[in-house]
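Heads up, there are several structures right after this.
In what follows, subunit A forms one complex with subunit B and a second complex with subunit C.
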Partner chain A sequence: MDDVKETVLSILKDLTGEDFSTKLDENLYDSALLDSMGTVQLLLDLQDKLGVEAPISEFNRSEWDTPAKIIAKVEATK
Partner chain B sequence: MRWYIPYGNPTYFIWLAVALIPLMLGLLYGHRFRWCQTLISLFFLILTFGGPNWHTGIALICYLAYQIVLVGAYSHYRQRKSSANKGWVFVLAVVLAIVPLIVVKVTPAIQSGKQSIIGFLGISYITFKVVQTIMETRDGIIKDYHPVVFAQFLLFFPTISSGPIDRYRRFVSDYQNVPAQKDYLDLVQTGVHYVFLGFLYKFVLAYFFGTVLMPQIQFAALMAHGFSWYIVGYMYVYSMDLFFDFAGYSLFAVGISYLMGIKTPMNFNQPFKSKNIKDFWNRWHMTLSFWFRDYIFMRLVFFMMKHKTFKSRITTANVCYIINMLIMGFWHGETWFYILYGLLHGCALVVNDTWLRYKKKHRDKIPHNKLTELFATFITFNFVCFTFLIFSGFLNTLFFGPSKF
Partner chain C sequence: MKTDLIDVIDSYAKTKPDDVVYHYNDQINTYLDLKHYSDALAKHLDEMRLPNNRPILVFGDKSFAMIATFLAVIKSGHSYIPVDVDSPDERLILINKIAQPVAVIAVDDLPVNLGEVPVISAPTLSDIFQQPVDYQVTHAVSDDQTFYIIFTSGTTGVPKGVEISYNNLLSFVTWIVGTDFNLPENLQMLQQPAYSFDLSVMSLYPTLFKGGTLHVLSKKMTDNFLVLFTALPTLSINVWVSTPSFINICLLEPSFNSTNYPQLKHFLFCGEELTTRTARMLKQKFPQAHIFNTYGPTESTVAITQVEITNEMINEFDRLPIGYIMPGMHARIIDDDGNPILDGSQGELQIFGTSVSHNGYINNPEKTKKVFSIIHGQNAYRTGDIAKIRQDGLIQYFGRRDFQVKMNGYRIELEDVAILVGKQKYVKQTAVVPKYNAQHQVSVLIAYIVPNENHFNSELELTAAIKRDLKESMMSYMIPQKIIYRKSLPLSKNGKIDIKSMINEANSQ
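== the complex of A and B ==
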């Protein structure tokens, strides 16, 4: 469980340069930290590091817009 | 009986107001009368594609049958147990889906402006819906395929001529449910508000810019022969007309959808307030730009990053921006000004990203305040208007058109 969380947070840190461990509910799109480029990178990283096969059409912005939601999504696919 | 383009004149709205009453009463008391919705849709489709336009009606029916079979076949292929999900089958399905549109778009370019006989009003918008459904079927996200629901989705009459482009899964979940009474009342309130705002946009503001001002300034620009300040005037007038006309139409389409209990997505969000070009595409013709983002840009980036086509992430993004916007240009039509319009926006996205990276790196040296934001909005607005001037084709008439005087 915590493994997933740590990995997602480290991926997000690489992508945005920010540490989200204390702000799990921050909206990544509203704050412009993530754009479509970053999103694709995020999906690829999730695939590489966690083996999550999430196709792009699965990716609905409103369901993946905070670190907490991403972690929940990844855990749900496990 | 008269024939109408959707939302084209007051009588169309009177028809709408009358026809929607039974459906709205049903929704208010928790029922969606699907047969009623189908009848209403049929009626409005005949208004648009019947009468003197009957041949486009035939084209629409043939097109629809073709796409329903095509998507059905692809869906069947994907739904089989142990589906191979081959890439080439997917590519073939997408190519077959866009062939009719390509024929329609290319015909005028090679037959000196003659329209293809398989064309009809709104073919490109239906094609977007078809392609998107195929892509999500490929991804395994769309699992059930109902030809009838799919046809309802494609033919949803409030949005048939020019969008907004809805998504299959979103549409189906609305279509198969009935909103709670309280939510529906809110939808009706918002819908009516949108329709009246649409009246202001389309029949007052777009009329003023497009029908009152535009011909005068166009005439003055043509009389000046070559470059003149009138071209600049035309640029702003055309941009305003384009926005109020299209945003007005979109407000009608969204408003009427709401009355039918379908939450068609919005198309415009104050685009001229944009601080940069990326911001602009998040506010202008949003359902089109999001379609391009989700079904072309992101997929292209995903493919290129996975296959490591380019070493750098930045190059990948830049190449994809240009390809993405060029395709959008080609989609508008095969003329130099549409393609240049796409190319300019592609380049603008590249420049925008480069600037934002530079700014982030030198954060301490570059000022950022209300004034610079105002300046950014000013630059973006003028750049956008300039690209609309290209898009309008007026420069083509002015410099390359047959001499009129």
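== the complex of A and C ==
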């Protein structure tokens, strides 16, 4: 379980340059830190590194907008 | 016999008038429509008695009227400047000021008044297209005359318009439909980007030249992925042309694979670096497909190198090669003083030959002189790209020597962004730097800002206000995602903002 958390946090850090380990509930879209292309990169990383298939046509931003929600989503698909 | 691009395109109105040339949303247009529309508008332009072979600004989206307008402008002996509907008003005004077009054609309504220049409005244009005319093409753009002018971002907040000639375009089109790519005879090509972006030329003219069909992605489709992936499998596309960023979106859709797209056998990528990861994931979904990486600056007509990406290459290279140079073009590596480097080590890539713009940047002799020259009697361009040429001619790319970056296929000059950010009322001083991800792609732009005094309660509010202002003056893809506030910015020895040290800071983990 901790592996997932660490991988997600390292993906977010690689993408944004930000360490979210103490800010798990920060909204990634409010500050426009993630835009639509950033979202694509994020999902691509999740698919490539964690095998998470998240069909982009069913993607609902509000379910993926904080690091904590992303971690929960990934764990749910395991 | 000399092949004439316009004659060939027009000939399909006789040989296959009812074949579909353009598929846009639910709208379908034929080769006969294309000839009727473009003849009618060409006649109208002739009657306006505009000065010879001068540019005409064409403002619009991706509808059929756009390409019919381009052809009409060419038939009447003028060059066109495509400007996308999503451009901010200031960019439209600047392009108009720099290029001094002799007319403006508003395929979509102009958001601002452009002054003295004659404008053909959208309703007038629809009326013109419907006039039946008998038109003979006698003075179309040819040889070294300018065919189109595409504006890229500049380093001083002022965009640069690259002039591409008829001959430049013809050599590009001949190459794309030739044996290097071996594309199917009946071209059904994807048209993804806006016409203001020269990647659009990679689908547009090869398809028209071969009498094929353009399958156009509308904003309606790209704004809603459900609509996109419902429509895509129905389009019978056999050649895919897009930026790697766009295929990344498709890779996230489980249904995007060779089972659901059996006719799709060729993928051509350009506009930004194709990463090994994207190539690997695409190969898994389309194991039999031919995937081509191509490379080229707008200054040398879309693309000038190609290589088919194999599984071996994906395993061998950390960064995929950009390929071998096309016939008629030459590549060499030079040092900072412009002297050729012959020992195979890396340096700046300089290219010369049939695809390089002759006139350079329109009405900008200063910037033109900096990068364009003549080598062995041929037009040459210093790309600013760091590269290496292997013994067998394979070219590898390693990044930029200046502060230009590619983001999602868009070419961005960091200095340009910094100047525009620096003009905002809450900004005292700024530097804009890229943050790279593990695939060597720019994932976010970071603006380090020393703010002016302001009434905002938090940095978040200030950021929102600055971003709102930026939308007025720059393309949305240029707006930095992340803003970091500082009391001061580091200076280099000569007293300028030390951008290099800030790039290092932004990318140190």
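A few comments on the model shown:
Please note the rule applied: the second predicted complex is superposed on the first by the 78 of 78 C-alpha atoms of A that agree within 3 Å, B and C clash if a C-alpha of one lies under 4 Å from a C-alpha of the other, contacts with A are read in each partner's own complex, and residues count from 1 in each chain.
Just so we're on the same page, a residue touches a chain if its C-beta (ideal position, glycine included) is under 8 Å from a C-beta of that chain, and two chains touch if they have at least 3 such contacts.
Note that the structure is predicted; figures quoted are calculated from it, not measured.
Of the two partner chains, subunit C is the only one that A:Leu33 touches; subunit B does not reach it. For subunit A, the partner that touches more of its residues is C, with subunit B and subunit C as the two candidates. When the shared chain is aligned, subunit B and subunit C each come close enough to touch A:Gln41. After overlaying the two complexes on the shared chain, residue contacts for A:Ser57 are found with subunit B and with subunit C alike. Of the two partner chains, subunit C is the only one that A:Lys13 touches; subunit B does not reach it. Residue overlap on subunit A between its contacts with subunit B in one complex and with subunit C in the other: 35, 37, 40-41, 43-44, 55-58. Looking at the complex, you find that subunit A touches subunit B at residues 35-37, 39-41, 43-44, 55-58. On subunit B, the positions that touch subunit A within their shared complex are 135-136, 139-141, 278, 293-294, 297-299, 301-302, 305-306, 313, 317.
Residue ranges of subunit A in contact with subunit C, taken from their complex: 13-18, 30-35, 37-38, 40-41, 43-44, 47-48, 53-59. Residues 225-226, 228-230, 245, 248-249, 251-254, 277, 281, 407-408, 435, 437-438, 441, 443-444, 446, 460, 463, 467, 481-482, 506-507, 509 of subunit C are the ones touching subunit A in the complex.
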